[in-house]
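Read from first to last, the chains carry the letters A, B and C; within each, the first residue is number 1.
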Amino acid sequence: MDKEIAISVKELTKKFGDFTAVDRINLQVKKGEIFGFLGANGAGKTTAMRMLCGLSYPTSGSGTVAGYDIFRQAEEIKRHIGYMSQKFSLYEQLTVWENLNLFATIYGMPAKKIKEKAGEAFRTLGMEDMRNVLVREIPLGWKQKLAFTAATLHSPDIVFLDEPTGGVDPATRRRFWEMIYRASSEGMTVFVTTHYLDEAEYCSRVSIMADGRIKALDSPAALKRLYRAATMDEVFRTVAKGATRE
Amino acid sequence: MSIFQSLVKKEVLHLVRDFRTVTVVLVMPVVLLLLFGFAISTEVNNVRVVAVTDRHTDETRLIADRFRANPYFTFGGTVSYREAESLLRKGKADAAVVFRTEAGRLKLQIVTDASNTTMAQTSAAYIEGVANSSANAADKSAAAVVADTLYNPQLKSAYNFVPGIMGMIFILICAMMTSVSIVSEKESGTMNLLLVSPVRPRTIILGKLVPYFLLSCVILTLMLTLSYTVLEIPFSASVVHVVWVSILYVALALALGLLISAVASTQVSALLVSGVMFMLPVVLMSGMIFPVENMPLPLQWLSCIIPARWYISAMRVLMVQQLPVTYVLTEVAVLSGMTLAVLALAIKKFNAQKR
Amino acid sequence: MNATTLKILLRKEVSLMRRNPIIPRLIIAMPVLVMLVIPLVATLDVKDVNVAVVDNDRTELSRRIIADMDASEYLSVTGCHFSYEEALRQIENGEADAIVTVPKDCLKKLANGEKPGLDLKANGVNATKGTLGARYAALSMAGTLSRWQAEQGISPALPGPDTLNLYNPTLNFRNYMIPALMVVLLIIICGFLPTLNLVSEKETGTIEAMNVTPVGRFEFVLSKLIPYWAAGILVVTVGMLIGWAVYGLAPEGNVANIYIATVLFSLVMSGLGVFIANRSATLLQSIFMTFAFIVIFQLMGGLFTPIASMPRWAQCITYAIPPRYFIEIMRSVYLKGAGIGDLWTQYAALSGFAALLCAVAAATYRKRA
């Protein structure tokens, strides 16, 4: 096993009845990379990601995440990753601190360390006065930062982010990407789906999915060269042109 | 296609695609009707009795044989007094007959397991009847009274429960399903989508209600068919009145569902409100199992605001007694009044929300 | 099993439960409502059966029959009518529950040792009142007749058997209902509420956030159930206290036996609840499934109507209805002072159901789709 590989997937497929949501995809993500997983709505991004996180059984294919097999060792994988879903899913009726403490404890962090890391996170985010506020009452932008913190507080090997910046303003999105960079600089591998194509420029490498298949995979600069495009937006439009599922 | 038609179509599709719920909704009334019709009754028809005696005489043997022969008894044989007590304690017997001979005359004592009061009272009366008829075969006083039951000569439990089950099912399906489905649209935000559209609230509401009304009509047909065929409730011209009074009741239940959905903000609370406010009172206070007249007065007054009470009472008159519709005018008037009042209140609440 | 994880999950559940606007109130209000209202409502003791009389004999005897009936604590005579049709109208209007017709020559026949042919017609529309009322009226009339015969020296009065009512000497119907009512509380608190809780986590998506963590499914499900088990025990305790304080009914047997049965039955209900939740995608689905179970459990478990009155095949079905055993245990321990030795079959059946349903619940709980 290559020590430098965080995620490796071969011919990964998921079918729901007759419908093939993910069709024989292959990809490798290197450790410490920020990997952008692009695609239109319904292209199969979330389904693929759920298989990698051990939330869904693959129909066929093989793969490893953080060195563990995605078929047999899903629970081991879960110890080494963090996941932030598209739909905000922290407990609305718990306070900010209660949510962080809950998730960090589940990941097996000792109480002292949780306090220390959470305090640090509150300071960098400027959320110190929100500590004991019910999550239900804080604004969406803050909720997303909080969800990211909950997914990364235990310093996982890999963090999966499913459209983390959906529905927030450009300034907040920028700050969110600063958080992603900080996590990456600490050695975390970041696997992020998005459909904001400007965000694709921030990634080390990106893949573009359409109709359940990966149509292109390389660094943003290489892709732009390949498709003779000025922006990722153009690349995306060229690649996704033939897509039937939107 | 008009706006209204497309709203109805959307709702019907939604309903039909939730296959499991539709199945439960259609199967539950059938199961309940059959259970109540055949399985559940308050009549005591099997008393497990044992005899206790120090020595058998011809007379005690005669009585024991009578118990053996009587279809209302399962005779458990002769046991010692201590055994009898243990059987009663374990619930393996309902009553024991103790034979004692005092001054050359046979004396009987009936020992019942009174932890079940109805059983105890009834079995004591049965045993007394059996024992008496044997004590003096010439005594005619036991047969002096010819008793029978009007309207339900075979004492079929279906006759009692069918109206009650209909009263319960319609509240459950109409009120609960409509309120939960409207509130789930509120929760998911699609209701706002409809409310900001130029569609009038009245159209939205009707679009929600019509599919559930149709579903209720299907269920009504199903239940009436079963009642008149399998459960053998006598068929007569009054069925016309049964149908329209039921439809009135369905309308009332739909209006109640609407009112709940206007008040509740989450599915769970809509559910608890309709469950707690309607289900329990319908089972307990509508006269379905327990006669309303037995309740303390304040509860009897309270039962007046429970729609099912009026519906059940009307159904009993129309379906079981088969009296003309003039006998249920009060009930019909109350049900209509309630429908109008609830509907007006619901629409007022709903309009208040739109603003 | 990871104790730290379980502890933090439990803390989360308790916080969520406390902040819920409805659940804490429900846990307090339910036992109070159920224990105070249902015993008043759910009674099969029929009093005030209204009897309309058609007296065609008009003799001393017929007047005595009527007077005796009116004097009975269960019966009241609403009026004497000249014809059966007139009396029937009373029934149709709902003013009478039974008609007694005293035939012409009743006295004469009785004096000659013939059957007097008294006629009794009860309104069968309301089964309880009709059949019980008929029985009371028949007993009252038979009593009057045999007393009269004795006085006239026609036939000696037989010393009727005396009846000894064990366990509930006053034949109080409430004593029969109250112990069994705990079943209603436990079905809702340990079966219905955990289902709602799990399915609403599914609907809000928080359950997925849990499934993607290494949290064990046993810890997760246990953290959901333990608070409701505690609530169940609390509610049964409150129920017992109300039974004792309001109705003066305390268990004859050992309270520990009641708690053992409570724990077993809570396990049964929560196993079923988790199973239903595992199989439902939306609240509505889970609710209809649970309601179907609640209705069948309450009706077939022998709570309101005796199992002994059911036909043979229906009685066989009740062996598969767990509340049946719990109700039997509660009534026996409460009124008869029975112990585990007397009731071991019921305890064994409950344990079996608990093991089976918990296994099914665990087997169907999936962290992965």
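Here, a contact is a pair of C-beta atoms (placed from the backbone, for glycine too) under 8 Å apart; a residue touches a chain by one contact, two chains touch by 3 or more.
Keep in mind that what you see is a predicted model, and the values were worked out from it rather than measured.
Enquirer: From the centre of chain B, which chain's CA centre is farthest?
Expert: A
Enquirer: Can you identify which chains form the pair with the largest number of contacting C-beta pairs?
Expert: B-C
Enquirer: Just the number, please: Cα centre separation of chain A and chain B in whole Å.
Expert: Chain A and chain B have C-alpha centres separated by 55 Å.
Enquirer: With chain centres taken as the means of their Cα atoms, state the distance from chain B to chain C in Å.
Expert: Chain B and chain C have C-alpha centres separated by 13 Å.
Enquirer: Can you tell me which positions in chain C touch chain A when the two form their complex?
Expert: 4-5, 8-9, 11-12, 15-16, 19-20, 204-206, 208-215, 367-369
Enquirer: Which of the residues in chain B end up touching chain C in this complex?
Expert: 18, 20-21, 24-25, 28, 31-32, 35-36, 38-48, 85-86, 88-91, 94, 97, 107-122, 124-125, 127-128, 131-132, 135-136, 138-153, 155, 157, 159-160, 172, 176-177, 180-181, 184, 267-269, 271-272, 275, 279, 283-285, 287, 289-291, 293-296, 299, 316-317, 320-321, 323, 327
Enquirer: Enumerate the contact residues on chain A facing chain C in the complex.
Expert: Within the complex, chain A contacts chain C at residues 50, 53-57, 74-75, 78-79, 81, 83, 85, 87-94, 98, 101-103, 105-108, 134.
Enquirer: Touching residues of chain C toward chain B in the complex: what are they?
Expert: 21-22, 26, 37-38, 40-48, 91-93, 99, 110, 113-131, 134-135, 137-139, 141-142, 145-146, 149, 155, 158-169, 171-173, 175-176, 196, 200, 282-285, 287-289, 291-292, 295-296, 298-300, 304-306, 308-311, 313-314, 317, 328, 331-332, 334-338, 342-343
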